[in-house]
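Chain IDs A, B, C and D follow the sequence of writing; residue 1 opens each chain.
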Amino acid sequence: MCRWLAYWGTPVLLDTILYRPEHSLIDQSLHAKMGVETTNGDGFGVGWYSKEATTPALLTDVGPAWNNRNLREVADHVRSSLFFAHIRASTGTAVQQSNCHPFRHGRWMFMHNGAIARFHEVRRELALLVDPRLYPDIQGTTDSEVMFYLALTFGLDEDPPAAVARMAGVVESVGRAHGIAYPLQMTLAVTDGRRVWAFRYSSARASRSLFYSSRVEALRKLHPDVAFLRELSEESRLVVSEPLGDLPGAWNEVPENSYGVVQPGTDELHRFAPAAV
Amino acid sequence: MCRWLAYWGTPVLLDTILYRPEHSLIDQSLHAKMGVETTNGDGFGVGWYSKEATTPALLTDVGPAWNNRNLREVADHVRSSLFFAHIRASTGTAVQQSNCHPFRHGRWMFMHNGAIARFHEVRRELALLVDPRLYPDIQGTTDSEVMFYLALTFGLDEDPPAAVARMAGVVESVGRAHGIAYPLQMTLAVTDGRRVWAFRYSSARASRSLFYSSRVEALRKLHPDVAFLRELSEESRLVVSEPLGDLPGAWNEVPENSYGVVQPGTDELHRFAPAAV
Amino acid sequence: MCRWLAYWGTPVLLDTILYRPEHSLIDQSLHAKMGVETTNGDGFGVGWYSKEATTPALLTDVGPAWNNRNLREVADHVRSSLFFAHIRASTGTAVQQSNCHPFRHGRWMFMHNGAIARFHEVRRELALLVDPRLYPDIQGTTDSEVMFYLALTFGLDEDPPAAVARMAGVVESVGRAHGIAYPLQMTLAVTDGRRVWAFRYSSARASRSLFYSSRVEALRKLHPDVAFLRELSEESRLVVSEPLGDLPGAWNEVPENSYGVVQPGTDELHRFAPAAV
Amino acid sequence: MCRWLAYWGTPVLLDTILYRPEHSLIDQSLHAKMGVETTNGDGFGVGWYSKEATTPALLTDVGPAWNNRNLREVADHVRSSLFFAHIRASTGTAVQQSNCHPFRHGRWMFMHNGAIARFHEVRRELALLVDPRLYPDIQGTTDSEVMFYLALTFGLDEDPPAAVARMAGVVESVGRAHGIAYPLQMTLAVTDGRRVWAFRYSSARASRSLFYSSRVEALRKLHPDVAFLRELSEESRLVVSEPLGDLPGAWNEVPENSYGVVQPGTDELHRFAPAAV
């Protein structure tokens, strides 16, 4: 089990979101409250967009986030209007940088909490469905990265919800062919640097938790004393595996089998179902 | 807060003690039950004696013990009749190999759970009390290593209990001179490769937990089904911060302000008090 | 380009072979003399057999061998009669433990210096030729590990030279189908814990260097003053990418396109050619 | 022996200076040309100032610079007008982040190439001369960090050349009292975020190499084809242990026993001598 966070909005120091809130993501690396595993110490990653490049920057490492010096430094000195952060609890695959989320391909970033059931058995078959031109770019050994490459194969660049639906459909289909009752469990986020798509889905309709923040205006009224809210514009939005802080009214659960889009203008929330294969 | 384990007895694969028991030390690195911190993921160390050298071998690393490949390998392939293992939860000092326990000096090993209160304020003064010939060998920045070097300075090689008592006396004295009410909190173990001394002491008489195993014969009667007990000889003994497994009758608390000696023949248990300085 | 060493013979402390000789393998990690790259600082690995298990133990890490504390400790305290050591200079794939040699499968170990030409282009095709039951065990992303899994697929366990010949044949065949003139460059060693097979081959008949040590008896006569030779029995043998020390008469080049077998009794040297596919 | 680089001038992506020039600092980590050691693979550090904070950001790690993913990412995405970069070849002290340069204290950064002779013998005495209020902030075990803390003790904040001269004087004096003929060898740089002071000095008048770049205007005339020069303003300046690239006319040696100041307006070059103690 992992934990992740996606931020979209006013440019802020990463520190504002990663460390300062009560029960921040970094605090969750030591003490998560929800889910099976309470420690997420098997590596971490942060990916952020800046004016300097169209591709996001990645900082990853194999140790825990809570004691990482370089993450602390970057958080104190880097400002971004769109970033992903992920803390990992390995479910068996190696603890190495190439298995740390977020994953990147061109301007795209991807991160995930969940699992392909019995991945060991279906790994080869799923890898073969990745576009042969993309296959050599796979760098690690996680189910998550294979999910990303399948989504890229199925047109992530043109229609993200459709590509993720086809990826999920393929995982369901291959899994069931192997006699796996519930092949997929996922909460995942993808971004192209302008919009963020966040999905919550599981074969068993018992998906891991996913929340999005309420409108900043409403939050400020509820919590006039919370410092980090003052720095955020109206449109700022957080999507998180597990709520930060203890702000009543701040967090809304993403419904089962649905996805949201965070973007300039009105955000969206839609039903999600794997595409038939 | 840290967790540690000292083993003395029948030569065993490290795996037998480190991984196989229920609620093993490696499991405690993720999920300790006692004490304030439940995660001990800021580095680890194992030190073992073998026939190949009079000095013990050390394996240390800065990541968590629970996902370390090299520790897993060594545990599966190295047999020893006397070893220390330590998992670290940093109380502020850097996470680096030179701060990982056990510390070694010649044939001596030392490990510790606890803290010198407000160490930042007394660090320089305590370091100055280390024998100038030993001072250059200090490699890290922990209070624990300074305690070890003070004990070496005060004659660890000749009389371990007396040297540790003088070390504790000096820490108490310097601390109180700085207005610190309770300068010392410690459970520590030292060994010269033949005997193990384990101390439990705190200025506030509220020392961290420390346990020693019951006689193996009695344990086997209580728990005839527990595999790892079958491999141990009568004289084998474990001293641990926190009980392994859920074996009723297996663990005896080391009393407040006392120390034990594990050695060939009859083990000992004595009162401990810092030496007046 | 990498450097490696295989030792078979009298049980010795790893230190005797890894650190003590002049121009030792550890010294070569900083200052190799032969080949294109003079630094081999992208990770290392040591694998050794002991009485404790039929599978070898592995110690690997992603930093340079020359400054690694744990390697130094293990070398000083572990004795073995058969071990492999490898220092890596990455040709592009990630520097991570799962890419460090030696690789292990059951009681087998494998290490390699060389490359599959334009591996990026043929990676997928070669991976598909790995036995689907073995495929999920691939942990890293190197060409070397794929070579190992192809050899396992082709019967390494029954007939090592034949399996390696088929592996080489497949790499040649897939490479040429992609228009690659010289698909393979390799010096590799495999062992099952009793015998060592060492191969030197390249499509272009310009293979990287590989040497085996002369008979110990002859060496001692030539170099009565060299300490580490005194500890070795008659049958001890080293196979190395690059000679250790400056011992005239000590090293014999493995001929182009051939392989040797180090084993109890008489060692062997044979021609090697890829099997037709 | 280490290698370092200080950049002051037009805000540039770190990549422009760290990776793009021929024989860049990152290339020197594998293949330095000058000096005794040609590999600088025992850790690295980059420190940069940005608009986000008065203190510089630090990125350090214990592996080699040449294969570090996070350094590559930061270099591609971070722009700065004043940064230090350092690659380390340890002369014996531990390879750990707290021993990586640059060191930081408040808004100050410090980095060094050289050594205090027989530091092991004088370490304690020099550490005692550090202001007791600063002493607890020492995090590592290098001679370099002690030099930094001595300079801070002697007024770096008010008069950097005078503070460095007193530091050097103390090192000379303590060293000679221990019978050391040539106690100090140093090329070092310090900055407060606005100016850079670079010193070249050695007791033996045989100081390690140090160079500063010629005026950018002149460089562009000499080398109209070199891309990275086009991005730099007139006032930009580099100070380096070893020239980047093969640009004839680009580099001027800092004379023996002297120091330079890079600052807004005219830069300066002065004689340097240790202060009498």
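Here are a few things to note about the model shown:
Convention: a residue touches a chain if its C-beta (ideal position, glycine included) is under 8 Å from a C-beta of that chain, and two chains touch if they have at least 3 such contacts.
Values in this document were obtained by computation on a predicted structure and should not be read as measured data.
Because chain A and chain D share one sequence, their contact can be compared position by position; here over half of the interface residue numbers appear on both sides. Note: centroid distance chain C to chain D, computed from Cα atoms, is 40 Å. In chain A, the residues that reach two or more other chains under the touch definition are 97. Judged by the touch criterion defined above, the protein chains are all mutually in contact, each touching every other.
Of all residues in chain C, only 13, 48, 50, 52-53, 55, 57-61, 69-70, 73-74, 76-79, 97 touch chain B in the complex they form. In the complex of the two chains, the chain D residues touching chain B come out as 94, 96-98, 120-121, 123-124, 127-128, 132, 135-136, 138-141.
Note for the complex: chain C touches chain D at residues 30-31, 38-39, 41-42, 62-64, 66-67, 90, 95.
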